[in-house]
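As structure tokens, here come the structures.
Below, subunit A partners subunit B and then partners subunit C, in two separate complexes.
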Partner chain A sequence: MICTGCACLCDDIELENGKVHNACIKGVALIKKAQNTHFTPVADGRKVDGEKAIDEAITKIQNSENFAIYGLDTVPLRAQQIAIDIAKKTEGYIDDASSLCMGVFVEEILLERIKSTTLEEVRDRADFTLYWGADPFNSHPRHISRFTYYPRGQFRQKGWEEDRYLAVVDIRESYTSKLAKKIIMVENDEEFIQSLIDVANGNTPSAYLRDAVELITRIKKSEFGVMFGGLGLRYGLSDIGLLKNLLDELNNLTEFYFIPMGCHPNMRGFNELLFASVGELNSYSFRDGIRDSTFSFSSLLTKEQIDTILIVGADPVASLPFEIASKIAKANVILLDPCPSYTSKIADVVIPTSVSGIGAGGEMIRIDGKKIKFEAHSLEEITDEYVLKRIEEAI
Partner chain B sequence: MVKLSPMNLYQLLPKTNCKECGEQTCMAFAFKLVSRERELVECRPLMEDSKYAQQKKELEELLKPLEDATETGMIIYPERCVGCGNCVVACPVNVSEDPHGCAIGLGPKNDRVILRIVDGKVQAYNVSTCRRFGKNKILCNGCIVTCPTRAIEFAEG
Partner chain C sequence: MIVTRDVFHSEVRETDKESDSYIELSATLYMREEDMKKFDLGDGDVVEITSTANNNSLRVSVKNSNEAPPGKAMMVNSILVNQLVSIENLKRFKAKIKKVGGNVTRPEDIMAKFERK
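Right, the complex of A and B next:
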């Protein structure tokens, strides 16, 4: 079976006698919680059955004037497509977590301004791996062992000691940096990027001279390099053009690619679907027909611009800053989620749905753009796709 | 947390080199404690003299993980393990025994591997094929250096 615990989408998970084999603790927590959680549908504070909760959700959506859909990063592509159709029909807003994290990078990749590759290629060919502002040991526990550093690949048969080089650029030490052959702690990401560009061009940088020279020398020696950009890089950059310049320079030295370190299993799937549908990635208003940062979920909440929110597979009350999250409760909240969360505590309508990969089959697009298919293992609970389809048909 | 090592054990032993245990020095006794050739009760001053009571307690606590250690001296701390699989993929025995599974980063595809992840925690199997097994052992450290949380340790370091 497949694990949808993070963006690795590990496909070698086995269930045997109630034990989960090969999954990390994130995956085990998700899989076991999915099997053991008993979560009841709620509508306006009353426990109801699932169908009644869906009817209540439909009524709230039909009565709303400013409707928004948020989340969707943990559900299969078909459910995401239906959600996009609902937003289109209701002329609502639609957004996912990518507006806060990896959307900027994914957009550059989809517009082919940045060269990207698949994780299988990285495993088979990469001899230089750089994690920038990311700690995959915590966020994607199997990322390092499955794809980047420890596995043997088709052209990397000698193992990590001889065939691979791992470097980490971060603001602080992390578990990942403990594994790396080189760690560079930077205070200012843009300054270090500029230093790397300077060294790649044969100029003397104004800062980080030794580290920049060492890194560029190593990249020059490598045959296939890849940079994984995490949230640290995302928030350390005010201008994505600088990163693009760096990647162009590195590509002059060797074959060099970039992959974002998105955490949600199907965030890229949502980005690609919306991109195919309207040419934009997130923060889209179907009423205005445009994408704008003012239509991102956090901006809409800040301005108290929405009266009804459909949240699918997300917990914004926990993940957004308190000032913004506290405004969620002012709107009618409809939540589709497998497990109780902070958002489920304030939601007006809660519809428990199955966990993708366990109770729901379908397809997801991994953060590197590879489509992963998976089957449902148990069909005891209703799926996000079923609920969203019911809503779409009713409106 | 104090690491289980001969030096740390020695610091807690009486350090009188009384030879009552049969070893020439307390340091030699500490080494044999770690390799499980000797037991703590063989140190008579430590057991009998009340002034060593606190050290005795600390030594017993320090040696406790050895009770669950494998024959190769491998100690697994499940509370520190996150199931990343670095050790599974980096272990040279796993790589040679399972070239189409562990070697390329996947879960084990046969039962001959030494390390595998069950319920998100590493577990040891087939320890007799580990490079650290037996008298002619090689002090391989593939599973230790790849674990930043120190979930795997060997009694002999």
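Right, the complex of A and C next:
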């Protein structure tokens, strides 16, 4: 079976007599939680059955004048597509976490302005791997062992000992950096990007001279390089064009790719579906027919512009800055989620749904763009797809 | 200050968000030893952090860690640290710290501030 604990979407997980094999501790915790959680549907403070909770959600959506859908990054593609259809039918807003994290990178990839590759290609061919502002040891625990540094790949049979070079650029010594052959601690990501561009062009940079020369020398020696950009890079960049310039320069030196380090298992799936539907990745208003940062979920909350929110598989009460999260409680909140969360504490309607990969089968698009299919392991709970379909048919 | 992820925190977040270990990992401020000395802090001291981004405060327990960036402090991403960040920069912000003693802030203290419609 598959683990949907992070964007690695590990497909070698085995469940045997309640024991989880091969997953990391984060994956084990998710799979065990899926088996043991008893979460009750709620409508306006009363415990109800699932169908009644769905009816209540439908009524709230039908009565809404300014409706938004948020989350969706942990549910399969079919559920995401139905949510997009609901947003369209209601002329509502739709957004996911990518507007605050990896969307800016995914957009460059979908528009083919940045060259990307698959994790299997990295496993088989990469001899230079750079994590920039990412700590997979903690965020994607099996990324390093399954895809980048430790595996024996088709053309990298000598693995990390001889065939692979791992470098980390970060503001600190992370756990991942302790595994690397080179760590470069930077205060200012853009300054270091500029230094690398300068060295790649044969110029002397104004900062980070030794580190930039060492890294560029390594990249020149490599046959297949890849940079994994995490949230540290995302928030260290005010201009995506600078990263694009660097990647262009590195491609003049060797074959070089970029993969975002998104955490959510199907964030890219949502981005690709919305892109196929309206040509935009996130923060979309079906009423206005455009994407704009003012239609991001956080902006809509800030301006108190929505009266009803359908949240699917996300916990924005915990994950957004307090000033914004605190506004969620001012709207009607309908939550679809497998487990209790901080958002479920303030939601008007709570509909427990199955964990993707355990109670729900389907497809997801991994952060590198590869489509991953998976079967449901057990079929006892209602799925996000079922609930969303019921809503979509009723409105 | 910077905001990071921690796999053990992710594990307990999946298991039990009300558990003591979740609260302990969420309400910890990691600093390097040399930086703790500058503020006359020891392991387990409770400090009040006030964000210059929004003036919100939290009480957290200090812990020595070499994974913290030099001259800075670090917290794991959770409902607690999200009291202090702004939407413009979810991962780095400036804050003041002051040794106060007492108990750390708990998620329920934050939930109590949510005003219902």
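Definition applied: the second predicted complex is superposed on the first by the 395 of 395 C-alpha atoms of A that agree within 3 Å, B and C clash if a C-alpha of one lies under 4 Å from a C-alpha of the other, contacts with A are read in each partner's own complex, and residues count from 1 in each chain.
Simple rule for what comes next: a residue touches a chain if its C-beta (ideal position, glycine included) is under 8 Å from a C-beta of that chain, and two chains touch if they have at least 3 such contacts.
What you see is a predicted model, and the numbers here were worked out from it, not measured in a lab.
Shared-chain residue A:158: touches no atom of subunit B or subunit C. Legend: residue contacts after superposition of the two complexes on their common chain; A:150 is shown touching subunit B, with no touch to subunit C.
Of the two partner chains placed by the overlay, subunit B and subunit C both lie in contact with A:175.
Looking at the shared chain after the overlay, A:12 reaches subunit B, while subunit C stays out of its contact range.
By the touch criterion defined above, A:141 lies against subunit B and subunit C together after alignment on the C-alpha atoms of chain A. Touched residues of subunit A were counted for both subunit B and subunit C, and C has more of them. Touch criterion met: A:21 reaches subunit B, while subunit C stays clear of it. By the touch criterion defined above, A:210 reaches neither subunit B nor subunit C. Residues 24-26, 28-29, 137-138, 141, 175 of subunit A lie in contact with subunit B in one complex and with subunit C in the other. Residue ranges on subunit B touching subunit A, taken from their complex, read 81-86, 88-90, 95, 99, 103-108, 116-121, 146, 148-149.
Every residue of subunit A that touches subunit C in the complex is listed here, in rising order: 5, 24-26, 28-30, 32-33, 100, 135, 137-139, 141, 171-175, 185, 231-232, 235, 263, 298, 302, 317-326, 329-332, 340-342, 345-346.
Here subunit A touches subunit B in the complex through residues 12-14, 19-29, 123, 137-138, 141-142, 144-147, 150-153, 159-160, 175-176, 178-179, going by the rule given at the top. Across the complex, subunit A is touched by residues 2, 4-8, 10-12, 14-15, 17, 54, 56, 66-70, 72, 74, 77-79, 82-83, 85-87, 89-92, 107, 110-111, 113-117 of subunit C.
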